[in-house]
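What follows is a set of structures to go through.
Two complexes are shown next, each including chain A; its partner changes from chain B in the first to chain C in the second.
For the complex of A and B:
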């Protein structure tokens, strides 16, 4: 039970931060299927940073990890600029642009990782080794039955994400920028009339999405595999989109959706172990979060209200 | 844009320009741009891009290699490429058909895998004579793929589930469930893949002796081309095709025109899935004879690039899939001879996609500046504000 909550949280929280990126982008009116690409590229930048600077820091130092998160956000943000350019400036179909960005990200990071590994470090590998993230336990609180598991053996990034999500919630619902952003997704012409540039708001939203997704990707790189490799593209970006749709483009319901995925996944793993099934059954367990998503989508898609101008290219002349 | 005013449109504009040739020039321009970008990249690595591109063509059987192993020649290379080309063509047609109906079938890989798996188990492992097994495989592939497609279409129509998300979820579900069955029941302990299918069920004839060479003959190559042509006529001159396109262009307008939008959505997704199923059987029971568990074919995602590049036009896709398949097949040879990484070919694909995604913008820009330039050149009033002097050119073109 405790392991289920510990693993579930370490899976759900990065998913949440990626989904937050999706919310920011889509609430501003830009359909964002590119989250998968953003998170991969962000994790790549972070991984590259760790690999390049590994000799600068003492062994076992956690400084590179925190800097890697920063660089992952930067990398994701810069890569998101490309997406923003494609679908805001160049008026590309946003769905297509998203998939293009994903495919390009897989190709680009795969190529660059191998190339840099062979020409800088002189080894044939498609991975960047990262350090091991420390895991913290808060003494005392962690002794509470069931709930204590939340405070047991958690990754430092989980705190970072919780703080960030509270801040994002504030940013989206309580600030002028957040209001402009939401308005740009529902009624861009009104935003324009108020003298605010829709293009600029959407650019900002997409870049924020890239930064958040990059951070989420880096978290997965640390929690799942302790290296950056092409296996980072395991569909978290798409799961995040599903969580966001399921959460009706709102932050708190999305949190619930992410928790359900995370707990379903770790629960399925635990079940396989508990029933002493062969390792082949983990395959079936892996399919469970996706099947659950699909099932939930069937029930919840009907009552959903997407941002009204979602996916529309803003055309001033239409006013 | 105003710099084009008042002079003959530049050679570049004229080259890209006119409406009638744009369908060709703009994709070519995208390809050119991406090749240029990759050439710069190869230069940066310190290799010669021209030899790299030449080896790409040699590897895929377009140019003769300097030397061949026994039993190999340019013909065997070309046939190998065509063997990989057949599933690519089917998959791209599947994507294109869904595109035309305004849907995005990103689940081609999953549909391929399920179709391939079903055909492998139900026909590939049984002792059917070749004359029965091969048509059965094709039929089964089509049915399985179309069932998945129909499910996606139905969820979209009935429950408003975004087709992109649902097909991605189905991709993962199919990948893991099929992986599970392969690993528990049909695994070959040596190769860690599913056991190879019987030769009678395979859609590619391997090791056909011809002279001193052993050829691979993809049986569905010509039917695939025929399907592309058929699809072209279906979209162009049948009621169904017309309605499908109308739904894709404007769902609301189509509904007002009395078209049953839901029915069209489901049926086009079904057909798209069926084509993806054909891609699956030609891939897993033709190009290969076994299935690698827990992996989706990259081909299913590359087909999106192909379809985009071919402008979702069935005849355009015939050529664009030829290009992408050639890049892909040639990359191994390029890696071994020139030492440029194999990943470069997928990077080229990605770049082509990137530029193709901008093609609508290019078209729009080219049209606008061409109109402007032509108007300025001919001195027509259309693009010119009134203030004008006798020379017929003006600075006022900014507004037009």
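For the complex of A and C:
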């Protein structure tokens, strides 16, 4: 039970921050299928930073990890700028642009990783080695039955994400920027009439999406594999989109959806172990969150309401 | 006249192929209700759009409070205390009234001394106070999605007042309202004036001008024809100036001669796409030589009724009879062949294929019939001669003859295409939904005359309209739909405008 909660949370929270990126982008009216590409590129940037600077820091230092998170956000944000340029400035179809951004991210990061490894480090590898993230346990509260697992063996990034989500909630619902962002996703003309630039709001929203997805990707790189490799593209970006849709494009319900996915996955692993099934079944267990996605889609898609202007290319002249 | 607040000097605006405004000189006084009257395409909206900064004039200048100004954006206009309520409201549907009103001019307070946050509570109080002052009756905390059209319009008015607008422009504000709502709005407009605001009203409805306006300017084909004091000018005079010639206010109409029953709807219940019963247990019948007019505010089941009679929607229960034959389960084409014509409300998406030519749109209901084809092939020559004949008979005007793409044609001519196609079927039953919406007086009169002419030829006509004037002018029998059920039904002579209006609002029940 404890393991299920511990693993579930460490899987669900990065998923949540990626989905938050999706929420920001889509609530501003930009359909975002590019989260997978954003998170990969962000993780690549963070991984590259760690690889290049590994000699600067003492062995076992956690400073590179925190800086890697920062760089992953930068990398994701810059890469998202490309997507924003395509969709908002050049008015490309958002679905197609998103798919292209994903494919490009896989190709580009794979290529660059191998090239940099061979030219800078002189070794043939498609991975950047990262350090091992510490895991913290809060004494006392961790002893509480069941709930104590939340405070046991958690990654530092989990705290970071919780704080960030509280901030994002404030940003989206309390500030002027958040108000303009949500309005742009419902009626961009109204935003324009109020004297606010729709283009600027949407650009900012997409860049935030890139930063958050990049951070989420870096978290997975530290928690699942301790390195950056093409296996970072395991579909978390798409799962985040599903979580966002179940969450009705709202932060708290999306948190719930992410937790369900996380716990379903870790629960399935536990089940495989408990039933003493062969390791082949682990692969099957990994598919459980996706199967759940499909099932939930059937039930939730009817009651959901997407942002009204989602996917609509904003044209000032059309009234 | 008191002091001048807005002055226009030699304003000229050209669009490709047309002069929208031609050397307009006008001055509008502070604190008056000034109406701009003209038919569609007369240039009223263009002129006001320039004052609001949506376009810039090619020649001439605006003076606001005596100062020459260049208004190149709506922001500029707002800075000069000019506000505008557009025909299409600019509201965020999932926001509250207050959030919509303050957007762009939010006041910010600091949470915990650091985090800036939008100050909703204070703004709500301010909105409530404004609403109270001008008698707008708007709840600052209501969500736009839950509001009726008329309430949304009042939110737009509040938006202007919140920005301290002194000059308020209304673009055809009553087009979407019921008679009762129109009276309420006109009262608000008077309140605005009594509080010292200047109101500019764009409209083509003469009776409204007569009711509220102090002065009115009449435009025709981009030119300023006259500026008149409303009190000393008759509606006939204004109408003559607007159209350029005399028009008859009442349609010449012989008494109706009812024949056999053509359409009978029996306890019809229809669900719309959201699985909501948009129409409940409606029964009525239409005879040869009768115009049966259904009145009602938009969204009370009219479209569903028409679609169900034509076969575009399946009935949930109840029956539709055409000349005593049950057609409830029949396909659209079978019904058409029996003799049913449909002029739909949404002429652009239901009535026409906009990117097809005039010719192809005209043969749309007949292309498969003998004469229109040679074996498996299209009979081009016949299509052409047929389309030419119809264009001439119905006076359809287009730039490139029958090969003109329909999208490029004017609204009035697009409507003529549908009417030509449908009437030429020689159907016993003709259903018209909002046939004159968005058309100017000339086109409206000709379509209404056509309707009566068809009736006199012994057709059964079902007219569904949101325009009460139209219902009163054409109907032999009037029915009123409210919330999907028939509120009342009576010969036209027995119902007056106010009574029908009250039924439309659900204020009266049988």
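Keep this in mind: the second predicted complex is superposed on the first by the 319 of 319 C-alpha atoms of A that agree within 3 Å, B and C clash if a C-alpha of one lies under 4 Å from a C-alpha of the other, contacts with A are read in each partner's own complex, and residues count from 1 in each chain.
In this section, a contact is a pair of C-beta atoms (placed from the backbone, for glycine too) under 8 Å apart; a residue touches a chain by one contact, two chains touch by 3 or more.
Remember, it's a predicted structure, so these values are computed and weren't measured experimentally.
Once the two complexes are overlaid on the shared chain, A:283 sits against chain B while remaining clear of chain C. In the superposition on chain A, contact of A:104 is made with chain B only, not with chain C. In the superposition on chain A, no contact is made by A:52 with either chain B or chain C. Among chain B and chain C, the chain that touches a larger number of residues in chain A is B. Once the two complexes are overlaid on chain A, none of the chain A residues touched by chain B in the first is touched by chain C in the second. Chain A contributes residues 170, 174-176, 179-180, 182-183, 186-187, 189-191, 193-196, 308, 319 to its touches with chain C in the complex. Of all residues in chain B, those touching chain A in their complex are 45, 104, 106, 155, 159-162, 164-166, 168-170, 172-173, 175-177, 179-180, 183-184, 294, 301-302, 304-305, 308, 341, 343-344, 346-347, 349-351, 353-354, 356-358, 360-361, 364.
Residues of chain A touching chain B in their complex: 33, 86, 90-93, 95-97, 99-100, 103-104, 106-108, 110-111, 114-115, 119, 235, 238, 241-242, 245, 278, 280-281, 283-284, 286-287, 290-291, 293-294, 297-299, 301-302, 304.
Here chain C touches chain A in the complex through residues 74-75, 78, 86, 88, 90-95, 99-100, 103-106, 108, 111, 115-118, going by the rule given at the top.
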